[in-house]
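Heads up, the next two complexes both have chain A, just with different partners, chain B and then chain C.
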Partner chain A sequence: MSLNAIGKVALAVFKESVRDRVSYSLVLFSVVLMGASFLMSRLTAGQDLKVTKDLGLATMNAIGLLIAIFIGTGLVSKEVERRSIYSILAKPLSRSSFVVGKYAGLVLTLAVNLALMTIAFYVMMLYMTWTTDDWITQGWRAPALDPGLLVPIALLGVQLMLATAVALFFSTFSSPLLAMLFTLGVWVAGHFSGDLRNFQTAVDSPAAIALARGLYYIVPNLSVIDVKNEIVHGKAVPWPSVGIGVAALLAYVGALVAAATLVFNRRDFK
Partner chain B sequence: MLAIETEDLTKDYLVGFWRPRPYRALDHLSLAVEPGEVYGFLGPNGAGKSTAIKLLMQLIFPTSGTARILGRPVGDVKMRRRIGFLPENPAFYDYLTAEELLTYFASLFDIPASVRAARVARVLDEVGIGAERRMRLRSYSKGMVQRVGIAQAIINEPEIVFFDEPMSGLDPLGRRDVRQLMLRLRDRGCTVFFSSHILSDAEALCSQVAIIAQGRLATSGRLSDILGTEVLGWELVVDRVSPDGLALLRAKARALTELPDGRYAADLPPHQPEAALQELAAAGAHVVSLNPLRKTLEDVFVAHAVQTAARETAGL
Partner chain C sequence: MTVSSARASDRGVTATLVVLLTMAVTLQAARERLAPPREAEVPALWLQSPEAARRIMLSFTDLAADVYWMRAVVHYGSERRSQGTRRFPLLYPLLDMATTLDPLFDVAARMGAIFLSEGYPGGPGRPDRAIQLLEKGLSHDPARWQYRHDLGFVNYWWLKNYAEAARQFELGSRMPDAPEWLRTMAAVTLARGGDRDAARKLWTEMLEAADVDWMRRAAVYGLQQLRALDDLDGLRARVGRVTELTGALPRTWAAVIAAGLLTSAPLDPSGAPYALGADGTVTLDPTSALNPLPMLETHR
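Presenting the complex of A and B:
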């Protein structure tokens, strides 16, 4: 595996992704949604800042996930379907470098998109500060331009890295549609990881409990690093568990990319 | 050192969903291609040509057998710096321009940035992509994509180039351009290995050919050896033929075709055309041309296809 080759593949993925209309329109859509959340917050009494922050972060979450799923699941499978894989794999480039380069390229795309959405989010917050009366802003628990908001955004980045790795892994051996469903499934299950662990409190069936427990151990725990509510509502963030969660997710990402590489290295491209 | 060498290269695919069973796409293919040749890899559709090329490019893995390119195993990544490949019906990245795609591929070959732009421009000129090189590939016609495919296969100035059906999607002008390009590559010392089912291209270009049918090598060798020198008949064209001369021609010819301007083309048997010529001259006919009829690649190809079909029917 060559870092040089990985970088070149990543750059090509980035170049193609930023020109893809899906990516463009999703980022644009997120800006519109954030604007809409600002308007909605005006309808709430006293909770306008929290609502705007909540909806803004939720929008970033949803749009980031959509980009990760739409582009991630097509990363390899579209190359196979379109047969563009034939030309690229005949170049002096190992299959492992190709897969890792693809992953790195999409992570770079997501990082840039997330950065753009973050800028749009802070611009909206700035506008909110300017247009809100002083007597209201003095009642806000946290400032509108709270640098702490960068924490859930950065942690969202880690979650999206995982979603991309899941999408990449499934796209190495299944169709884009199946990969999409699997990735969405892992994302949803990952956010309900705590519920899976305590499934026995909700159902009596031993089989269902065993299944939920099995899923709890297999599926990555995304809820542990989801600190949007804590930041927005000014609550304490459980940093030790967040740190462990991030480390575990990054290890999971490494394992998934390695598994994707293993599958891809053995695959026939008929 | 051989340019390309395969030994008993075999590929089985599993077919069927519920009860998968092996289907042999390539059966013990052994080839030896010398450097500097234009090598035609011929066969009908579904014969196993693309399977063999994909095995050489390691896009698929063999069930058994071995393959080497330039003396190195086909999986050797460094060896791929020295080869080029045009897949059948190539496809690339829709949102990149031809220039960007070639620049990207050139970078994978570690072609220095200082010469990359000039190399990309020269190769695109060579395949006839003009101002469109700055347009995104999604707007290209099939023929233009094929030209870009050829360009990316030669961007690294390869020692061996593999073309899988290079004429596919090209108009007559495009085919002529590609034929000329292949001959230029040969003149530069590049080995050209190309698969095709268009036999006229193979006859015009190849010094050696291999014919493959039903996954098996039917025959291989120098084109002149395969076709032989045996004369199978003569094609005689005459004009100013009198009624007596025409009757004589009908009696001598295996087939007679009337051409415009009072000309006739006769298919004469292989032995002693001189006697027929003298008798026709005596009847006042004027001989326009006399050409020997030899075995064509199509004859060889069809004969092998028929043999293979017969073997299959007999269950051999």
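Presenting the complex of A and C:
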């Protein structure tokens, strides 16, 4: 596996996604959606800052997830469907470099999209600061231009890295539609895992409880690194728990990319 | 088919499409006029369980809480403006939903408590629900003195339970970052509960501590009600004085003005005229926005 080859594949994925109008329209949609929060300010009874922050962060979350799923699930399967995989594999490029490069390319695309949405978000926050009376801004628990907002955005980036890795993994052996469903399933399970922990409140069977507890530790827990609520309300972030959560998710990312490489290495394209 | 005939055919299809679409929209509008759909008596709340909603919303619970909060604000506003019977049927369920989806959304709990405890017709008159909402907020953020202050306030203003109000102010005053005046408030409430001056102090502190417009308006409203109570006392005394001077009850403000005890017909702080009854009683005008006034004694 060569870093140079990985870089070239990643750049090709990035260029392809830049040409792809889907991600443009998604980012544009997110900017419009964030802007729309101004229209809602009259209905919020003074909570326009909170609503705007919530809407901005939720939009980034949803759009990032859509990009990760729609592009991620087609990363490998599209090449197989278009039969371009034959010409790629004929080149002096290892299969591992191909898979890792594909993953790195999509992560780069997501990072750029997230950065664009973050800039749009902060521009909106700046406008909000300018247009709000001083006596109201003095009562804000966290300022509109709170640098702390970068924390949930960065942690969203980690969540999207995981979603991309899941999408890539499923993309190596299933159709795009199935890969999409599986990835979405893992995402949902990642936010539900807290309920698996407390399964004993719903059932009496010790076997089911043990299975649920086992699944709780196996399924990546996405909710522990979701700190949007704490940041928006100006509360302290539980860093030790978040730090361990991030480390666990990065380990999952590594494992999934390794598994995707393993599956792809064993696939017979003849 | 030649190119020109193909284009002519396309134009024909486009024209047909436009005509049919226009017809469809016109027919829909005509049907609507003929048989207007019945408005639901109680607007729908599709998701009834806040806990179920919290699970379904995944990582979008904060945004969902904002949506429920906005629905609560709109519901409260539209019910207050409605000409028919005001029932505020969804107010508590919407606020409960918002505060479960975002347990740190203290404004939803605090302002929601103001909405809920407001007496009929301005609100549903449910201080019990307001207390539930505030206690839920307190359970999620036990160090927030503002919840204790609001619990004290609801007990003081709406339930007239001055001992409980004083207890809540006292508990609040022991919390981190609690203002000094909260301890004073506890003492004043215990000593002079139901006193108008104590209530005025409470509203004034609330006005000064308000960081959202709605709270400010609620405090201004409370202070206006207290001023109206003082005005009514003063006007009743003047009416009594006119009766003493002339030996007859004044039936209009003109009689009081003629006696030199007023310069013009008195208006309450909301701008509505005070009403002078045939039996000499002075009250708020039924149309006044300050109705209903709280029952508070001048002194204890």
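The criterion applied here is as follows: the second predicted complex is superposed on the first by the 256 of 270 C-alpha atoms of A that agree within 3 Å, B and C clash if a C-alpha of one lies under 4 Å from a C-alpha of the other, contacts with A are read in each partner's own complex, and residues count from 1 in each chain.
As a working rule, a contact is a pair of C-beta atoms (placed from the backbone, for glycine too) under 8 Å apart; a residue touches a chain by one contact, two chains touch by 3 or more.
The model shown is predicted, which means the values in this text are computed figures rather than measured ones.
Aligning the two structures on chain A places chain B and chain C next to each other without any clash. When the two complexes are overlaid on their common chain A, residue A:193 makes contact with neither chain B nor chain C. Legend: residue contacts after superposition of the two complexes on their common chain; A:164 is shown touching neither chain B nor chain C.
Set against each other, chain B and chain C differ in how many residues of chain A they touch, and the higher count belongs to C. In the overlay built on the shared chain, the residue A:221 is in contact with neither chain B nor chain C.
Between chain B and chain C in the chain A overlay, the least Cα distance found is 23 Å. Contact residues on chain B toward chain A in their complex (touch as defined above): 13, 54, 57-61, 77-78, 80-81, 83-87, 89-96, 100, 104-105, 107-110, 136, 149, 152, 162. Listed in rising order, the residues of chain C touching chain A in the complex are 55, 58-63, 65-66, 69-70, 73-74, 102, 104-108, 111, 210-215. On the side of chain A, the complex with chain C involves touching residues 40, 43-47, 50-51, 54-55, 57-58, 61-62, 136, 138-140, 187-188, 191-192, 195, 222-223, 226, 228-230, 232-233, 235. Contact residues of chain A toward chain B in the complex are 4-5, 8, 12, 15-16, 19-20, 82-94, 266, 268-270.
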